[in-house]
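The structure appears right after this line, and notes come after that.
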Amino acid sequence: MMDFDTILITGAAGRLGTELRRGLAPLARKLRLTDRVALNDLQPNEEAVICDLDDADAIMKLAEGVDVILHFGGEPLEVSWERILRSNIQGSYNIYEAARKNGVKRVIYASSVHAIGYHELESHIDADAPHRPDSFYGLSKCFVEDLGRLYWDKFGIETVALRIFSSFPEPADRRMLWSWLSFDDCVRLVSAALTAPRVGFTVSFGMSDNCVSPVDNSKASHLGYQPQDNTESYRAAVESRTKRSDPYAPATRYLGGWFVDIGHPDDEVKS
Amino acid sequence: MMDFDTILITGAAGRLGTELRRGLAPLARKLRLTDRVALNDLQPNEEAVICDLDDADAIMKLAEGVDVILHFGGEPLEVSWERILRSNIQGSYNIYEAARKNGVKRVIYASSVHAIGYHELESHIDADAPHRPDSFYGLSKCFVEDLGRLYWDKFGIETVALRIFSSFPEPADRRMLWSWLSFDDCVRLVSAALTAPRVGFTVSFGMSDNCVSPVDNSKASHLGYQPQDNTESYRAAVESRTKRSDPYAPATRYLGGWFVDIGHPDDEVKS
Amino acid sequence: MMDFDTILITGAAGRLGTELRRGLAPLARKLRLTDRVALNDLQPNEEAVICDLDDADAIMKLAEGVDVILHFGGEPLEVSWERILRSNIQGSYNIYEAARKNGVKRVIYASSVHAIGYHELESHIDADAPHRPDSFYGLSKCFVEDLGRLYWDKFGIETVALRIFSSFPEPADRRMLWSWLSFDDCVRLVSAALTAPRVGFTVSFGMSDNCVSPVDNSKASHLGYQPQDNTESYRAAVESRTKRSDPYAPATRYLGGWFVDIGHPDDEVKS
Amino acid sequence: MMDFDTILITGAAGRLGTELRRGLAPLARKLRLTDRVALNDLQPNEEAVICDLDDADAIMKLAEGVDVILHFGGEPLEVSWERILRSNIQGSYNIYEAARKNGVKRVIYASSVHAIGYHELESHIDADAPHRPDSFYGLSKCFVEDLGRLYWDKFGIETVALRIFSSFPEPADRRMLWSWLSFDDCVRLVSAALTAPRVGFTVSFGMSDNCVSPVDNSKASHLGYQPQDNTESYRAAVESRTKRSDPYAPATRYLGGWFVDIGHPDDEVKS
Amino acid sequence: MMDFDTILITGAAGRLGTELRRGLAPLARKLRLTDRVALNDLQPNEEAVICDLDDADAIMKLAEGVDVILHFGGEPLEVSWERILRSNIQGSYNIYEAARKNGVKRVIYASSVHAIGYHELESHIDADAPHRPDSFYGLSKCFVEDLGRLYWDKFGIETVALRIFSSFPEPADRRMLWSWLSFDDCVRLVSAALTAPRVGFTVSFGMSDNCVSPVDNSKASHLGYQPQDNTESYRAAVESRTKRSDPYAPATRYLGGWFVDIGHPDDEVKS
Amino acid sequence: MMDFDTILITGAAGRLGTELRRGLAPLARKLRLTDRVALNDLQPNEEAVICDLDDADAIMKLAEGVDVILHFGGEPLEVSWERILRSNIQGSYNIYEAARKNGVKRVIYASSVHAIGYHELESHIDADAPHRPDSFYGLSKCFVEDLGRLYWDKFGIETVALRIFSSFPEPADRRMLWSWLSFDDCVRLVSAALTAPRVGFTVSFGMSDNCVSPVDNSKASHLGYQPQDNTESYRAAVESRTKRSDPYAPATRYLGGWFVDIGHPDDEVKS
């Protein structure tokens, strides 16, 4: 169903942004794309603008006439606090302000497992578990979730925060045997978030239908996400080329994986 | 398995009653049917009695020799308080008294989503959530659930209260894309309620296996209901002829749908 | 603080109604009293009307100009279904309709432990536990709670349902050593329900500050009820004249006490 | 994946031990088997030692060079307290001590539904529900679960306690229509417990994917157990040769089935 | 109230046994005392028998004519597994068997914080939290709790398991500023467990009314225990002679305190 | 007890900072004070530095040799996003970095009810409820709570986040009759947070012991905060000079009070 006129995608040149361009084309008349780097292979239904997320005026203009924003831009992993602050905190504020002033009704946000990375696998958290970021990157995801909560409660803009686990072409290590989100399932998840009749402020975990499943996504069951992929066909290959996880290692124990082992990014930068 | 001798079905001429006549025939030697209107196409395994639910003597007689009662009769939607009181409250009391005095051991009751219609989709309630009726119709469903609870705790008569969402030939609007219960799944649900080894007092939601699934039916997992249908094959058609739901509208926000928008039925009647 | 102009009290001639007349006088300019029997010792701030709760017209008239209704009328214990239906179900419907049509904003309802009488002491329920009535009397209390819920969700009339345990001059038996609500605490509880800034639909248990305390009233903590009495000064006397409870007896096991041992009231009546 | 060098199986001559020998052969270079009776048909990848579990020195020696212990030995049903104490309590202590002193990192323990047999079907417990053993046999299962907990918290040895319901060639009665664990699913469950990246101390229920499913196994979802069998193909035959369960019977009401009806084993022995 | 004829106290020569002799004298006509060492200062209302708990015949005889058993005997701290097995496991089995065969209706058992010693202070557990023993001593407490559960569910003997934290003449270190149970409060707690109208199987934590209170005892509120003491008057002295706790130390982090730092008792014995 | 050498207080010139200077003097040898405005009446045990929180170098220097930081500085109410970002977000980051690099072990943070201001009174949240900020001010409080969580999980710095409700000389309006925190109780709360043996990352609500108490602070019970004040002595005066709250108004319904009615601060600024 082409229920939407214009969808804005931030981070459109990124790994997931590229998949969304392909997968969501049938849902809207036009995809407006933005990134800080150039976008390739523009299609007839696409238009592109290169700009930084912390350029408030450019972002404000981008949101004109938009139905829904898919906010997948910003720093995609642990970098210095200064860059996190500028791209992920100030940048996301700019997005929500642009949504508010342009009457955009819904934002789909690429949050991350790293917003709750210090919960243990055995604790089987659901979407109401408190934030436990595992990095400054994860901390910025927590911030944007709370920002989305505020804009729903106060300004009536709906948000779906998708806590994506590991979305890659295929599972690359033993952890991804449980944390993997296939690209097709990622598109299914975003589509569900777009088309669900009402979301208010909803948090959904983003994983494929893998056997090992240490979180409980039932609080997002009103989205209608039905994953179709899983990692079983990759298991033999992954297990043959990697060794068993150490059950005592923090990177095995906590949802966030090796992010819990990263030190302060500014220490690294300075040394 | 023909485990039952006689099953009594109230409201047998109604939309669901007709489906139950067809679907449950293999489970019992005889189906005794009742309604306030005439019943068509009586089969050899069926016998029919026309009477009102508030006719206590007639109801008492109907329950003689009965194993299980499927209580699907009464007013099926919002009408005046007086009619609700007579058919749904007094009428259901008559049914339970007839069960008690005739030694009927189990009642399957057609409760409704409207008993909990003022809970929000995002609250993902389960069967233990407090009643929040959305109408006088829903209020009568709450009453009969509590009546069933009392008859189990005090008199040892088991009840399964089936909170049916939207059981129609096919999903007719966007809300039914999540709330629909196919007729075949309705028969499966009633069969499960009939054959479960022990139910005590059990509440089960009644929906097909739809993608969007805003309630948690795990507290009824001892019934063994396994829905086989869903709304995906109807989705394109429904979406093409209807527009997107307004996420701010109460009829989208609350489980009860447009019932929350109905005023007091007696106001309408009088105006 | 005399925050209220006119408070209507139903069941004003009853045991608790008499206490409320005394205790709440400072809160309102006028107390309008009603009962089906005559009221004694009318004070200058009181006016009285004798009528039955199932007289809809009389009730409608009673609610004119009223700020708050304290609905303490109706059958106060197990009687025949017919009388329960007339006084407690139809009668309470009349009260809420009178509130709705006269713009009364809040109802304080004398519900009862018997609405949840089949829960066990050891289960430590709170206000969200499902109804488990122990009698037709208790069933009518469940009905009126649901009625209040509907009138809040749909018509914006606030309700506080007070599940009163055992409000008597003093604890009369071993069960009352935990279930007793002193008359002074009963007045405190109703005052809190009257003056709380917002109640929406609130359920509160009604007991004094007794040592043994098998239910959890924290979900009513926004009322501000602070009991001042307890049963310790009565303990020695009660224990000396009664024998130890039988821990296996249903009347000890369940919150409802001996109500769980009552059979169907109509069986008794007829025999 | 042959991730393991040596796996020790206790109770290897038993019903389930025999299945594990077959099913787990692909996972380890060597299976070391023990039982108090002789083992048949030893395969090239197997070695066998006959000894009693209460022979601490023999058990200590058995665990040398072992990666994982599958502890399926001990009394498999209700016997005298003396035998339970010796085989299941002292015997399991010997196993854990042998694991500790030999550096074994993980134990998979055959616990049982009888550790929680006095919970009701309708209470839908999960793995955190308190122990409620239904027999001295079940009591010993509780003990070993707590022993495993201690060895994880204090000595860093992981345990998966599998609460096996009814693992037989096929469902033999109406209760097994919900409680059955097929032998193939039993092997799947143990494989999952062996290969899960981290288990700490995990409790998992052990049932096939049966329609009626009265417990919630979500707290073990990090194991990755995916049952493939269910009882539907056996239903007609079982139902035709057995009569409907009595819903009032304790053996129907409680998870433990007929174990709840067994008296004290020593009373039987002595009479 | 002298509601009891004969109360049997095991471990009567111990620290708490001595307090119970004094404090409970008013509740029974006779106190029967037992310990493995001699008892001093026998009072006219007391009778004493010296025996070991693992002497089944002696224990059976002790329970003749007894109303209630206060089981405070057995090893009071971490010792070898062999002694734990003999005194605390076999010994407690003997007590429950003696209760069963002599018709004793209630057992009050001195369980311990060490049954749940590996839960963290910040997790604020209540009585339903799973066992997490911190020692073999604690493991035996878990066993006896489960034994009591079985004897209630199966044989109808009530148990109150009191998880005593630190009952000493006064708080001796910083941990006891929160974990202390005064002797007077200990007597109050046992009295409540004795006189509560119904206990079934109840677990209660045992602490005085200290400011810092890291566990939730609400599930025992039907006992009626009201502590009267707290540690504030000892705080200045304790703090002046001890240094601040290390918040990172396991003995600070876990409820069990320094018990979590004890290794395997048999390792110590052997070295 | 003078357990601390140097305590750093930010926002020391503010309303609460002034109270802390007075109240905490006995706990430390030296109080180091900072604010962006001048500090009056310096005492012999005090030293003062004027600086902005976003001056990272100055803040780093301030934390040298400090045991504990009481972080009460930053914007104390709703102002422009730019100021919130600079003082409350960047400023708090500077504080935690200064703590990390200087080995400060604990931070007590003045969070606020406005971090959870959009929860309703009737929902009776506890400390684990998700963030629902009611303003950009509240959003910054959420951010700093998550920052504290990260610094505990990753860098081992403990935090107590105190969600202060309304700390003023006396309750000024009807809402403060439940939300008030007296200055003396504020000092008690901070003292408890300072002296608790272990806090990890703890959230505590901050209110006096008022009758109406719509949140559940039990998850902070390991701090040992015992409020001594309440609003009853102010009630008559407040009620006589203010009118009853409107139960339908958002400012009555939500914990955040009138903050929920504030629009976007930048809209105000620009108009």
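In this document, chain identifiers A, B, C, D, E and F correspond to the written order of the chains, with residue numbering beginning at 1 in each.
In the analysis below, a contact is a pair of C-beta atoms (placed from the backbone, for glycine too) under 8 Å apart; a residue touches a chain by one contact, two chains touch by 3 or more.
Chain identities (UniProt): A, B, C, D, E, F = NAD-dependent epimerase/dehydratase family protein.
Bear in mind the structure is a predicted one, so any value in this text is a computation, not a measurement.
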item: Chains contacting each of subunit A and subunit B, listed by label; value: D
item: Subunit B to subunit D, fewest steps along touching chains; value: 1
item: Common touching chains of subunit E and subunit A; value: D, F
item: Interchain centroid distance [CA atoms averaged], subunit D/subunit E, Å; value: 32
item: Chain centre separation (subunit B, subunit E; CA means) in Å; value: 52
item: Multi-chain contact sites of subunit E, meaning residues that touch two or more partners; value: none
item: Topology of the chain contact graph, where touching chains are joined (line, ring, star, complete, other); value: other
item: Interchain contacts (touch definition) - all pairs; value: A-B, A-D, A-F, B-C, B-D, C-E, C-F, D-E, E-F
item: List of subunit E residues in touch with subunit D within their complex; value: 81, 85, 89-90, 93, 100, 118, 128-136, 138-139, 142-143, 145-147, 149-150, 153-155, 260, 264
item: In the complex with subunit E, residue positions of subunit C that touch it; value: 121-122, 124, 174-175, 178, 210-214, 216, 236, 239-240, 244-245, 247-248, 252-253
item: Residues of subunit B touching subunit D in the complex; value: 1, 3, 105-106, 156, 158, 192, 196-200, 202, 218-219, 221-226
